[in-house]
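The following pair of complexes shares a single chain, chain A, combined with chain B in the former and chain C in the latter.
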Partner chain A sequence: MSLNEVSLIDVVKKQVQFKVKSYTGIFHSLIILQFLGLFISTLGEGSMTEPGYGRSISVSYFSSSVLMGMTAMWLFLNTLLLTTRAYRDDDFTFVSTRWSRLLANFIFMILLALLGTVTSFLALNVLKVYLFLRNDDLILTNSLTFSETISSTLVLLSYLILISAAAYSIGSIIQRNKWVGIGISLFLIVLGAISVDSVGTPINFLIYFIMHESSLVLLLLKISITSGILFFISWVVSDSQEVRL
Partner chain B sequence: MIECKKLSKKYRSHSALSNLNCIIRENTITGVIGRNGAGKTTFMKLIAGYLKKTSGELRVMEENPFTSLKVSANSIFIDDQMSLPTSLTLRELLNSFARFYPNWNEPLAKELMTYFQLPQKAYVQNLSKGMRSTFHAIIGFAARCPLTIYDEPTTGMDAAVRKDFYRALLKDYLAYPRTILLSSHHLEEIENLLEDVLIIHNQNAFMHLSVSELKESVVAVKGDKAAVSEFTSMHNKLSINEVVPGMAMAIVQVNNYIRRENFPKLTFSNLTANEAFIYLTDSQEGGIDRVFERSELD
Partner chain C sequence: MNTVVVFSLILIVTMSIAIKVMKNENSKIRAIFKLNSTSTKWLLIGYIVILGGFTIAAAFISPSEPSYEKVAADKIEQFNDVYLNLSQGNEGDVATSLIEEQWSKELESNTFKIVNDNIYSMPLTVFIERIENTDRKVVASLYKGLHVINDYEVRDYMDDIKLEWTAEKLTIMEKKNLPISMSFFQYDFLFKQLKEERDNTFSDMSNQGPILYLKIPDSVNLDVDENMVQIIVES
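And now, the complex of A and B:
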């Protein structure tokens, strides 16, 4: 029987299709989490009441930050899960190499981030409609213009990609060596907790470098580079990962 | 198709294969035979590119299977623990395989699913052990990979399905010749199917020969005790016991043809491939009987 020649791009494409088709649990959990996020958001984030003669003024604030937080957490956890043994062994049941799997997983992560972004924005509008129907005197601050909507979508998307790239690297390290992975994560958490506000420490620098950037183009560039570095780390770590042990 | 030179594989604490040499030709059915823990599965997972070799050389389709996309696309590894997503039905799983494997034989898959009464809408996690193995076997047939590896494919199958499986394997092989590696504990079931046998013993390629050579390499001799011991002293004795006082029966490994007429006092008989294999790889002289004899002495 003659051997079939296959191209990497073709295999990666098939793997991504397979993931979209079979990882239904990930999509279900997004729907559930966003409903939960919407529900929490309708409770409002804070309110103040000003008493006066005969009447009082009560102001409630609503925002979509819980929704965004839920989406980010969903992406982080599911990307972490993508590196685990069950998903890995599934991939190698079909046609895969370590390299093609990494590429397919990254494309899949970007798709997830895209999905998370779009659904978050849609859910945000659901929240607006809900508040609009319930209140006569709704003041919508932050009503965005079209270009602002585009740029904030882009920013959310790129942050989500960054989060999943970080989760994938951490997951890959944990898969290679549990203790090294957990050690690094703990180290980052502790270091982050201690030094997040003190100027001059690496974590503070990182947060400043990524979060405090007012130019959209520069921000996207910085996030792409950081994600690229994380992608490289994932590759180095998972390149000799054995399967079906 | 497959070339190993001094192939070794160590897991963290223990070694699973050491210095294995073998060449497996294209379009042959090779039985990978060995006692429990001999290293059969490790050997086959190395070929499938699942595991990374520790040292030595391993070429499959002239490439290193651990990094080769070509090997992955042209080979399939079937065992009872195949990892399949639990979110897809059997039908959807077959469709996924069809997309990945260009030679996929859809009509055959469909017919086999009907024949073995596997419900299309079931999920793998709900299948019984035997049905699951049957489903995996169907994938192996339909994928028509130039290199198909079956590791204990009949685990859990009942006798009738096992028989069907072997018959299907042979028919499918004749229709679409390919390189097949097949490991099983039941050499007696597959010896009629195999062309070559690779015996892995003590982490090594102990013997690599055709089934008929394996059968011929071991003979049983029976006769007068003195005559039998004279005969065994000239050959590699694998086992000897006294059947009745004065009469002995021995199993010997022979390297060249024996002129039986030169030993008129002895009766020779041939063994099946399975018996030959068991005697060849028996590490303890006297077998399990010896253990009980020893424990009774204590």
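And now, the complex of A and C:
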């Protein structure tokens, strides 16, 4: 029996340190997926050739979307894995509570989102260097100023936090009840598919609410509130999961 | 088989071998490559440093002047007006700055012939104004064309056309030039959301071809394929 009183901050700190040191596979998979994303990006998003009069004109299109998609997918899948039984058991090797576990996972996810943001932002320059070397006439249709770069980084970071919050909630629900979790996931997929095709209708509100917000402060506020709600759902559904059955 | 397919096959084979090796617990290669937390930390630092290096390189090799010029909407409108004005015979309303080249040719006989060297395509629009005159002088003006792909002007567009004049004949020819390659890079919606810039669908393409405006006296006999030209003012 120990008489030492362990503070919540100390427990959370130890849990975060443990996760950073132990879950090395997460970092390896980030590098592999970003390499894959860069490779796919170099293939381009499309091309066309116009015969023209005296010469043919070939047009190729490249964008940052594959690389960003790969990073988002990496974060989503790894956050989902954090809620699985194996990872949960790791957390309770410490003297911890549901609250400390959630906080530690939240901080770890923010660290992952931060890492994903920095690396994907920098990795874009690998793509640009390749394209500049391959084609001197690369046209950057929308270059970013310094302030736009900073605000875009914040937008990217907030989206990644939102994605991990969503993944964590879905994962927590699946751990609680597999069928409810799968049902909610399917519902979200169907709703997302419908929303994409129903521009301007009320159902599209879900997309417009965040993705069409042009004020940085409001966007960050909306994402923070949504992420907060998602984390709260995770906290509620993980009730009494400290007890191993 | 193109390079991409070959590269993808090599990638798949390499990854399959790597997975097999890493699954074998007795493998010496696995022991070498198995990364602990310290080596993972250095791997990540190395990765970020390399990416940082590419960021610096990208800043240095990006051209200060874009090789293609973005076309303003009023310029496109100006070129549309050229077509409209010339098709109505109002050459005087068109800005002289849009004239690429002008000729004034004295014919030796009373017949003027226009031929297109390529029977399959016509590189320009020909407008003919018949003027009341007994001279044998043909006045020709070649007006610039504009080819726009995704708001960017295709450069050296006029280099593809060649007009060859002889005593009684004008031959329209096209010069075979090296193909043009245009590569577009755009940031996705995450980077444009705050700019309220919608996704560029990259499908905009407009072409206002060059126009050859000929003033030919009505006393001169015109030998031309009627499908090739438009007689806009006939006396």
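The rule we apply is simple: the second predicted complex is superposed on the first by the 226 of 245 C-alpha atoms of A that agree within 3 Å, B and C clash if a C-alpha of one lies under 4 Å from a C-alpha of the other, contacts with A are read in each partner's own complex, and residues count from 1 in each chain.
As a working rule, a residue touches a chain if its C-beta (ideal position, glycine included) is under 8 Å from a C-beta of that chain, and two chains touch if they have at least 3 such contacts.
All values reported here derive from a predicted model rather than from experimental measurement.
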What is the contact status of A:129 with respect to chain B (first) and chain C (second): first, second, both, or neither? second
* To do: Go through the superposed model and pick first if A:86 touches only chain B, second if only chain C, both, or neither.
  => first
Larger residue footprint on chain A, choosing between chain B and chain C, goes to C
Query = Who does A:14 touch here: chain B (first), chain C (second), both, or neither?
reply = first
- Task: For A:76, select first, second, both or neither according to whether it touches chain B, chain C, the two together, or no partner.
- Result: neither
| message | So in the superposed three-chain picture, is A:96 touching just chain B, just chain C, both, or none of them (first/second/both/neither)? | response | first
Exercise. State whether A:24 touches chain B only (first), chain C only (second), both chains, or neither.
Key: both
Shared chain A footprint, chain B vs chain C, residue numbers 21-22, 24
Seen from chain A, its contact residues with chain C in the complex are 20-22, 24, 27-28, 31, 39, 43, 46, 50, 52-65, 68, 115, 118-119, 122-123, 125-129, 131-142, 144, 148, 151-152, 155-156, 159, 211-216, 219
In their shared complex, chain A is touched by residues of chain C numbered 4, 11, 35-37, 40, 43-44, 47-48, 51-52, 54-55, 57-58, 61-63, 66-68, 121, 123, 147, 149-152, 154, 159-161, 174-197, 200, 202, 205
Note: in the complex, chain B contacts chain A through residues 27, 45, 49-52, 61, 66-70, 72-74, 77, 81-85, 87-88, 92, 96-97, 99-103, 144, 146, 176-178
The chain A residues in contact with chain B across the complex are 1-6, 8, 11, 14, 17-18, 21-25, 86, 89-90, 92-100, 240, 242-245
